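You will see two complexes here that share chain A, one where it goes with chain B and one where it goes with chain C.
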Partner chain A sequence: MSYVTLPYPFEPVEAPPEYRGKPEIDPKKCIGCGACSRACPPDAIRVEDDLVSGVRRIILDVSRCIRCARCEEVCPTGAIKLTREFELATPSKEDLLQIVEMRLARCSICGKYVGRTVRQIEKAKAVLSPLPRDRLEELLRVMTLCEDCRKRRVAQALQGVPTALLKVWGEVHG
Partner chain B sequence: MAKRRIRSLWVFHLNTGACNGCDIEVLDVLTPFYDVERFGIKLVGSPRHADALLVTGPLTRQSYYAVKRTYEAMPPEPRMVVAVGTCACSGGIFYDSYAVHGGIDKLLPVHMYIPGCPPRPEEILFGIAQLLNIVEKRVRAKVVKVESPKPEVDPCERLWLDLREELRKVVGYFDRDRILSEFKEMVLEAYRSALPFRKLEALVEDYCKSVDDPRLCFCARYLYAKLRELVERYSREGYIVEDLLREAAWRRSGGLSL
Partner chain C sequence: MGKETISVDYVEKELREALGKLVLETRRVADNQLIVVVPRSEVAEVAKRILERFREFEAHLSTHVATDERLINGHFVATYWISVNAERGDVWIGIRAYVPPSDSKVPSLTPQYPGANWYEREARDLLGIEPVGHPDPRRLVVPDDLPKNFHPLRKEVKYYEKVFTEPSFEFKKPRKYEIVVPFGPYHVALDEPAHFRLYVKGEEIVDVDYRGFYNHRGIEKLAESRLTYNQIPFIAERICGICGFTHSTAYCQAVETAAKIEVPDRARYIRTIMLEIERIHSHLLWIGVACHLVGFDTGFMHAWRIRERIMWLAERLSGNRKTYGMNLVGGVRRDILEYRKKLILDALRELRKEYKQFVDMLVSTKTFIKRCEGVGVLPRDKAQAYGTVGPTARGSGRRIDVRKDHPYAAYKELDFRVPVYSEGDVLARAMVRIEEVLESIWIIEQALDKLPGGHLLADVLEVPPHQEALGYTEAPRGENVHYVRTGHYNRVYRWRVRASTYNNLPAVPEMLRGYTVADAPLIIASIDPCYSCTERVVIIDVRSGEKRVLSEEEFNALSRKSRGLGR
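Presenting the complex of A and B:
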């Protein structure tokens, strides 16, 4: 038994508490908003929407992660955390993937899948629940619309407005 | 590949455009403290003597043919390739650069991926030990399907999120969650009394005395000031957060005393 050399692979070693190791998504807390994928500098986290079967996949590729903890910084629910796990060496790269799948929400008018998950809308509902009832209902109505239905809604709202007024508004706002 | 015992691996270290972070960690592994030479590993000066090629850095356009020639110069058996660092594994942060092809696996068959930016010496040791069949791999791909539509949400979620946003301006991610959870405890403690703000002020002062880190102390006072502002702003919007806080505190204390 030497006194200088670390007997590492034969005896376990713990990383220091502030060590930034492998990131991990907690599926119980994740709402699938994709904030992490936008913050990630090397695009190690990708968000893929399957609009036909209505599934959102959050794909975390640890082999591209640079452990900057930007995802942990932006996550609104604290779902993604950098663990202290560091024993990641593997002969095949597929082992380094973590995929979280969740359901997409449906548009409340046309019934198509929209680019938001059901959990995202539930979370928004819970956060906004103390608002006055009429405002909350209005927000919820907009939240569950797809892009097309939203545009149609704005167009309908603008139908009664005189065209001259719309022109002025267009000039002001570009 | 059939599993066999490799006795002494001679390694040629090749930097294909790394930032030197991984090279420093490789150097660390060779020091007496980590001592990779106890596994029979030796760094050699020429690919002609090498059994394994240890690559650090992304595969750049500039180094493409040099890597190819190095690989061809190695003896045909066992011609192992070890990718050390995130860049060598997949291109890392440079993956979409015009000057980079991607990871080293775009050109050579890789036997061991050791991700990390840079990987710590233990991580490299683990990879080497796995190559020599001393340890088994620990990671596995995970696919999770989340079926339940409702995430776990705190009733005062909006307040905590706003406070977190304020705290983001003054403290880094590592301490933020800890400070916020400690402050949360203090708030819930304070809302059990009749005059919550006075109680909270006393709690914050006590907290400042008990910790010796001035940053934590600053953050606690900062959060207290922000909480007062937020509660006022919310009440102007018709969102009475104090009732929710009182209820949460009551529920907590009821659970404790009964």
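Presenting the complex of A and C:
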């Protein structure tokens, strides 16, 4: 009859295989795209870019996490997974942070850091590889430009186009 | 039963004929949901007439939605949603009035229909829509010290805005070497805060007052300000610690209806299974608490022992004992795989056996029956006047159940019985729940047997803006209604949650009057309020004017002592 009362915590209890416990990021697989942080309902995952030192930080705060596993669902590389760990009591909230750091890519024209990681661009390359070579190179060139250089590039491309035409184009495209 | 049923078309035609010029516009927002726009001055009158017209159809005020649409059409909008029940037609009627901000007043429905009391006070608190002629001028949802003319749900108020005000009550100043330890109304020993004031003559309760909403967290504002469609199911699930899944289902159904998303069959069945698992654990929890309150602690222990099996099952199916996290707009996220089917069937087989033994023991226990019988009677007419729902209504003879009256998920394809008792006492409410557990087991078994194949989640590409709809479920405590108006940028424009206790709690004073203080914990608990500890009571003797606050311990002890005292 007493199958309900367990001697926990004197004897350990193992969570069932389906259990949703503390999430963990595999730093080897993470590409720093931030999809998890967009899906996360309680903002437990933050993304911070340091454009001076060229580092992106993915900060996972398990103390805010509600174990919904949306991050696991949206991760394109399977880097974030929920474990079966549930004993998280700690005297310091710092223990519940996981910070993954990643290198940001540099702009291929001016050399400044851009808002994308090196691994994100590698991943994009792999995904886009079936495209024709010239199209792929064109896309990769755009991808590695910083915001300023990208605007400059558009402006240059539009030089020489008659103003009247630009106006029409602007009206059509808002 | 062969009784007359009605359709939305019929209702639309009849209302146009009966109300004539009062109908400014009708709008069909879903197959079973009709909005009737009426002049502002007539909204209470029209609502009253519709409630009376469909009285034999067990119509009641299901929810009231106030929205700030000043950015769209320059008005506040107040909509009284009335549901037609008793399997007499799947119809929801929304009576809508546009309220100009310069004169934000509507006539109050409360004097004619007490069930509108809280709804109208909430609309006044959150949006500043003044119900003219409302008998209770006090605030309901927002604290008393919030500045006047500050209405949190108005669109110009930011969700992170903080209004610092001085509390309006005074405390004694601490003397030297003294420190103050704040203690309550968030009492550490109680699960959730709520405050009943019982006015007594000796032992007899003559009047009751309630102040609550200390737990109002403003999640509707949070949702419309910064959460996306697929983030809301997770906060919806956390509205309640017992019946969360029913809230996330109702929310998802509201968005799905508004955006015309077809949910895959398999997802509808999986939702049904999880909803019934939740009902079983919720009812077992309640039966345990009821046993405890009448001093039958053996029953309490057994009920919770049996319940544990269901908690473990839910953990294997969803990854957590309580917060299943399985709903998204368009379907569910976890499949019921073959091995999980077996887990369910094994657990249910054991559960049914143990549960039947337990019920046999419970109904033959004199203390339990004597304490419940004839106590806290809610007559049928009162049950309808307050719009009570769920087991509270069914214990008073109202034959209503959203699963039958407005079928959702897979309930239309499944066979089950709705237990109804007409006595209206605590025992009737208990028996409804006791029988529903067995029905739930039967529903799950059928759903598993019929479980169709296919996808779990519909492809949701875009939710069109400014569509509106209701989503509804039969929670363990009764009808549960969510309203959604879709917005831009992947966000809702308005999300209105109405949990079942919102309709049941205002009827509690009716149940308490004339009974003794010792019965109060059981009577209050008999509606299964969505907070389990309402036992923090101020007792005021109307003869001497003397006040005394009973602690939870004293109150429960008093309750346990009076076994066999049922009147």
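Note that in this section the second predicted complex is superposed on the first by the 170 of 174 C-alpha atoms of A that agree within 3 Å, B and C clash if a C-alpha of one lies under 4 Å from a C-alpha of the other, contacts with A are read in each partner's own complex, and residues count from 1 in each chain.
Keep this in mind: a contact is a pair of C-beta atoms (placed from the backbone, for glycine too) under 8 Å apart; a residue touches a chain by one contact, two chains touch by 3 or more.
No experiment lies behind these values; they were computed from the predicted model shown.
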| item | value |
| --- | --- |
| Partner touching more residues of chain A, whether chain B or chain C | B |
| Partner chain in contact with A:I31 - chain B first, chain C second, else both or neither | first |
| Contacts of A:A69 with chain B and chain C, given as first, second, both or neither | both |
| Touching partner for A:A39 - first (chain B), second (chain C), both, neither | second |
| First, second, both or neither for A:E48, with chain B first and chain C second | neither |
| Touching partner for A:E137 - first (chain B), second (chain C), both, neither | neither |
| Touching partner for A:D148 - first (chain B), second (chain C), both, neither | neither |
| Footprint overlap on chain A, comparing chain B with chain C | 4, 15, 18-19, 41-42, 66-67, 69, 73 |
| Interfacial residue positions of chain A with respect to chain C in the complex | 1, 4, 15-16, 18-20, 39-42, 66-70, 73, 82 |
| Chain B - residues contacting chain A, complex | 32-35, 38, 86, 89-93, 95-96, 103, 105, 111-117, 119-120, 122-127, 129-130, 134-135, 137-147, 149-153, 157-158, 161, 168, 173-174, 177, 237-241, 244 |
| Complex interface listing, chain A residues touching chain B | 4-6, 8-10, 13, 15, 18-19, 22, 25, 27-32, 41-43, 61-67, 69, 72-73, 76-78, 85-103, 118-119, 122-123, 126-128, 130-132 |
| Parts of chain C lying in touch with chain A, wherever the complex brings them together | 227, 230-232, 234-235, 238, 304-305, 308, 312, 315-320, 323, 325, 333 |
